[in-house]
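Please find the structures below.
Two complexes are shown next, each including chain A; its partner changes from chain B in the first to chain C in the second.
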Partner chain A sequence: MKGSWKSKLTSGLFVLPYLLCFGVFLLYPLVSGLVLSLQNNDMLGTHEFVGFKNYKDIFTPGTYVHDSFVRGLWGTLKFVVYSVPVLIAVGLALALLVGALTAKARGLFRTVFFLPYAISATVMATIWMRVFDTDSGFLNLMLDRLHIHRSQHIGWFTDTPWVWIALVASTVWWTIGFNMMLFINGLNEVPEELYEAAKIDGASAWQRLIRITLPSIKNVTAVVLIMTVIASFNVFAQPNLMTRGGPGFETNVMLMKVFDVAYGQHQGGAASAMAILLGLIMMAVSAILYRLMFRKEAS
Partner chain B sequence: MKKHQHRFGFAATILLLVMGLALAGCGGGKSSGDSSASPSSASPSGSSSSPASSPDNGGGKSGAKTEILFWTPFSGPDGPFMKSIVDGYNQQSDRFTIKFQIQPNGDYYKLLDNAFGTKKNMPDFMIMHLDSIPTYVKKDLLLPMDDLAAKAGIQKADFADAAVNCGTIDGKWMGIPLDIHPLIMYYNKDLFQAAGIAAPPTNMQEFLDAAKKLTDASKGQWGYVMPTQWPQQFLFPSLVYQQGADLADASGKPTLNTPEAVKALEFERSLIFEHKVSPQKVAQDGEVKLFLQGKNAIQFNGPWMKDQWDKAKLNYGVAPIPVFFDQPGVFAGSHNFVVPKSQTDQAKLDGIGDFLKYVAGHSLDWAKSGQAVASKAVLASAEFQALTQQQTEVAKEFDYVHFAPPVPNWGSYTGELYNQINLVLLNNGDAKKALDEAQAKAEQAAAANK
Partner chain C sequence: MGAKTKQALLLLVAVLLGVIFIVPVIWMVTISLKSDVEAFLPSLSFIPNEPTLINYTDALKGGALDVPILRWINNSLLVSVVGTVLVLAVDALAAYGLARLDVPFKKLLVPLFLSTLMIPGIIWFVPQYVLFQDLGLIGTYHAFYLPFTGSAFGVFLLYQFFRGFPKELEEAAYIDGANKWRIFQSVLLPSSKSILSTLAVLTFMGIFNDYIWPFYASGGDDRMQTLTSGIAVMTQGSYVNAPNKLMALSTIAAIPVLIVFLLAQKSIVRGITQSGIK
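The block that comes next holds the complex of A and B.
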């Protein structure tokens, strides 16, 4: 079907706003980031082209940026591994629970679970620092009442593995609404007849979940998974505001390190190279996950 | 239709709730006061991120006046105090209008760097922390103030010596000081009275005796809750200075693992694990929360905390930091006025000089925020001497304050130091080993900093 030049123009005009936004907000920053990573740039007005020196430094053990990169990557990877399964599982569970409610209650709980997503990082951190504080935190005071860990309070932000549990818990509270919404939409797409047929055949609720629900929402799950992985790789506010990277350097995540190199060391080029490497790692991980999820269909 | 209205009501309630939460976050925000090296001062973002410019006070005459843009990081409770100085100046000047802008404290240097880097939206002059000045001087981005000061009749002798000395680099005066904010001691007067302690401690022995008397672990009450992160950046160096040592040598090489540094860290650790006057595993701001609840009797923090204590209606006292080792010594920061080198407009330079001369005589408003100002004339004034709750106590420390070593990007040298101190204080770790590690990382940072 060949359209006239008019219809081509019209469709072209429809794409134009997106292309403009893409160019201004994605392509331009990406290209400047790439250019920056090839420079020795103090972020204060002087810069020189140095080729791949920044990347070479990152891969040279013993340099400041190498150690920053390795430490940051390690912290970020840990957060991804701990947070992604929980964010997926809790998101799906909440979607299923909300779906099982009456229509009226559904609207209410959807809003309630989504609400924290709209809260700023500073407020989120203030709330959870009050909950997780070692000596005056709500959680430890409650444990006191239950006569658990009274002699030595748990250091939710100052001890491993608790610090990861606290970070994941606050992240779940803060961001889970988004995953839940996506899952709710996915669940709405599953044809009701399938469940009715399964019920008639005597399938239990668990079987219906495994055999009908999960396969039916596979596409949505893949999207949620990849978006969650990307979001978790970009973790910054939670450790930066609440644990300050502690205990020690346990929760020093990559973006904190990028920030430190860029504005603490005034090495914009090296910081940009770190960020670009992180982006490449994110792309690789996303691609692998995508392949894994759709391997069967392809073959 | 009815359902829609219902929805609307619900949405409105939610909106109100969110706004309420956001406001609560702002009000309950932390020590937005200050400090350079610290990532701590997470100033409540949202509301303060829009630059608040002062209303035009010039009235009808403003058209003829030269407008001068002034950047500050005072997004905390200190903002209004600086604004009242600027307003006062604008009212009496018929030649210049200072346009006062507050940038969010946590993003201040990022915004400043962007302005320097892009050469756009550059302020005509701004506030800079004393320990950041070397970084920008090394890059040749700041204008020496000597000529401007001479023309305006501002002299080095007008200000506290320590800040002037540190702000003079290679013989050039780079920043005119507004205040000096050293670490100070806050203590809970009610707890002191209940424990029968008459006066705040002044040395190691008095401090240990008092802290032990004030500690009752079964009630969750502590003599001195040891911070494991911020404000260690003020506390640890103070303990090193009190032994006559420093964190860098004269050439700017880091010296983080000296015997004095080890002794300082071992002392901090002993308060938790040996003397047990502090709980273990203290989280960021844990000591502040306990102090606000009356469960922490003593804490060392910066003068900017005053506002929080006042709001909580605490019955607190202020005193200089005890001398734990051989000599008095305390870490301090300082707000300075600096001018970017790119500023060449003579009319504006004259205006900046005129304003700074005015501030040197009228910084009492700034002192009311809890700070002790650097201007000797204001320090000596009867009005300042009447501020005995805190400001005069802070000023007592001026004779022995130390600032961060004048090394560009010094903050990146000490990042690992505070990671390691954190680990030692949380896990009863080996102080020497930790400081060796910090020293190695600092040397790495120095190598990257060439």
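The block that comes next holds the complex of A and C.
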């Protein structure tokens, strides 16, 4: 029965529905994105082929798309650099903390730290806009109460570097549970005997962390790092809803710019070219990180 | 330092951090219970002077806030449920076929599907919009859930699971004369309830919480927003000056996902474990 064309046909039918969905809603947009980037497309139905003009424009100083691309890339890169180390370190720290608690407390705190992950971007933003509000936000009122910065409120969304601190803090709160869960998974895989042997040798908790835990969870760390870098490159909701890209152009991130060029400027082709370039940058960074992480392991 | 003191210290740190994680959510509920006047008084109290449910009743009456909230709730639930059912159906069929059956070009299809997991979604976002525009589907419900059916994530998750499934059960059923469909239905599916519920929960949360796609897929029609994208519209509009109303709506929007999350926490954790990230 197996191997016959009839069997292959009926087997193929199982994959067919997904294959259609994949082809129409993912592969086609992916390929047409490449085509779109070679077009002048007003997103309203008219388009013409223009070759590599959109890419040329992106690299020509003075054009709207060039300014958008540079500002967007700069904002996104800043967010990546500021957020990734914090998201990794805090994720690992929470995983270690949860792991060190008694079994009863462990489940509770895992839930508490993971909970904000279930909240949507918009609810997250409405909450943190009330926390970071300059005049009546929770945080500034709290600082008043503690007699810190009494003469002048911190402009969490209107001044640098506060705006980045606010964006990273709200991002940590919103997404850290996921990194923590991955680290908890990884820590569970570290053989208990390693720790016991180290204890007998008289290694301190810090030495055990550096010499046993960190090397043992290298693979998980690599995955978390790459996933976090990708997620941070995709940053959009936090600046779009909370800071609107301000102050000035400070927190203008690439995705905001792609949407602005596509839907605000009606230049679908240029937006697509920007998206593709961002995608290439992301894939290159992931590939470099991947090689760095695993070459170190090999040596 | 004794083991007990150490435990107590760790617990103290955990409680302090836990408070920081929970306070913003409680603050949301606090503001949602404030009257229009009180919402603007600077106060750090978690209990409003005169707690009121008026923001909730206003919101649920619909129209009182000048936005069709009931319609948004309806849109959100509708597209999340339809999308989840569709994703589950097409993904389970495909994953079973690829993991267990002699599907033609299997060696080509699996890496093709999986490689798309590494491509950033922004690349196909705008072209997807153009596609739905060409199909005349912008501003319809179909535009909201159909894109989710293309994602390879669920196929990947179920494929991993089905591959580890013991062959003996299937073979016994084949000998009994069952066909592939019967085996899928009566052997595979009943044994995969936990992984299927994991995918269901993650997909439901993903669709319900997504706001960028529905924001544009609605075609700018206020009545075609989801609860999530609708709140985004409101934060950009005049409701910035009505934090209590916005918070009531946010609380309403957060409740369904938080309930799903708390009920399904175990299966989400399992899903993360089974995704094979180690």
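In this section, the second predicted complex is superposed on the first by the 269 of 299 C-alpha atoms of A that agree within 3 Å, B and C clash if a C-alpha of one lies under 4 Å from a C-alpha of the other, contacts with A are read in each partner's own complex, and residues count from 1 in each chain.
As a working rule, contacts are C-beta pairs under 8 Å (C-beta built on N, C-alpha and C of every residue); 3 or more make two chains touch, one makes a residue touch a chain.
Fair warning: this is a prediction, and the values are worked out from it, not measured in the lab.
S.K.: With both structures lined up on chain A, is it a clash or a fit for chain B and chain C?
M.R.: Partners clash after overlay.
S.K.: Look at A:Gly51 in the shared chain and tell me whether it touches chain B only, chain C only, both, or neither; answer first, second, both or neither.
M.R.: In the superposition, A:Gly51 contacts neither chain B nor chain C.
S.K.: In the overlaid three-chain picture, which partner chain does A:Thr63 touch, first (chain B) or second (chain C), both, or neither?
M.R.: So A:Thr63 only meets chain B here.
S.K.: Just to be sure I read the superposition right, which of the two partners does A:Leu255 touch: chain B = first, chain C = second, or both, or neither?
M.R.: second
S.K.: Counting only touches as set out at the top, which of chain B and chain C does A:Leu97 meet: first, second, both, neither?
M.R.: After superposing on A, A:Leu97 lies in contact with chain C but is clear of chain B.
S.K.: Is A:Thr10 in contact with chain B, with chain C, with both, or with neither (first, second, both, neither)?
M.R.: The second partner, chain C, only.
S.K.: Now for A:His153: first (chain B), second (chain C), both, or neither, which partner does it touch?
M.R.: first
S.K.: Using the superposition on chain A described above, determine whether A:Ala118 touches chain B (first), chain C (second), both, or neither.
M.R.: both
S.K.: Which chain makes contact with more of the residues of chain A, chain B or else chain C?
M.R.: So, of the two partners, C touches more residues of chain A.
S.K.: Based on the superposed arrangement, let me know which partner A:Asp42 touches: chain B (first), chain C (second), both, or neither?
M.R.: Touch partner of A:Asp42: chain B, not chain C.
S.K.: Touching A:Tyr263 in the superposition: chain B (first), chain C (second), both, neither?
M.R.: In the superposed model, A:Tyr263 contacts both chain B and chain C.
S.K.: Run through 60-68, 78-86 or 114-122 for chain C and report the one that clashes with chain B in the overlay.
M.R.: Comparing the options 60-68, 78-86 or 114-122, the clashing one for chain C against chain B is 60-68.
S.K.: Residues on chain A in contact with chain B in one complex and with chain C in the other?
M.R.: 43, 45, 111, 115, 118-123, 125-127, 129-130, 135-136, 241, 263
S.K.: In the complex of these two chains, what residues of chain A are touching chain C?
M.R.: Of all residues in chain A, those touching chain C are 2-3, 7-8, 10-15, 17-19, 21-22, 24-30, 32-33, 36, 41, 43, 45, 94, 97-98, 100-102, 105, 109, 111-123, 125-131, 135-136, 138, 141-142, 145, 173, 178, 181-182, 185-186, 189, 219-220, 223, 230, 233-234, 236-237, 241, 255, 258-259, 262-263, 268, 271-272, 275-276, 278-279, 282-283, 286.
S.K.: Quick check: in the complex, which residue numbers of chain A touch chain B?
M.R.: Residues 42-46, 62-65, 67, 107-108, 111, 115, 118-123, 125-127, 129-130, 132-137, 152-159, 240-249, 252, 260-261, 263-267 of chain A touch chain B in their complex.
S.K.: Would you mind writing out the residues of chain C in touch with chain A in their complex?
M.R.: Contact set of chain C toward chain A: 7, 10-11, 13-14, 17-18, 20-25, 27-28, 31, 40, 42-44, 89-91, 93-94, 96-98, 101-104, 109, 113, 116, 118-131, 133, 146-147, 149-152, 155, 179-180, 184, 205, 208-212, 216, 228-229, 231-232, 235-236, 240, 243, 246-247, 250, 253-254, 257-258, 260-262, 265, 269, 272-273, 277-278.
S.K.: Over in the complex, which chain B residues touch chain A? Could you list them?
M.R.: The touching residues are 7, 10, 14, 17-18, 21-22, 24-25, 28-29, 39-40, 42, 44-46, 109-110, 113-114, 116-117, 119, 135-136, 139, 141, 220, 225, 228-230, 279-286, 289-290, 293, 295, 409, 411-412, 415-416, 419-420, 422-423, 426-427, 441, 444-445, 447-449.
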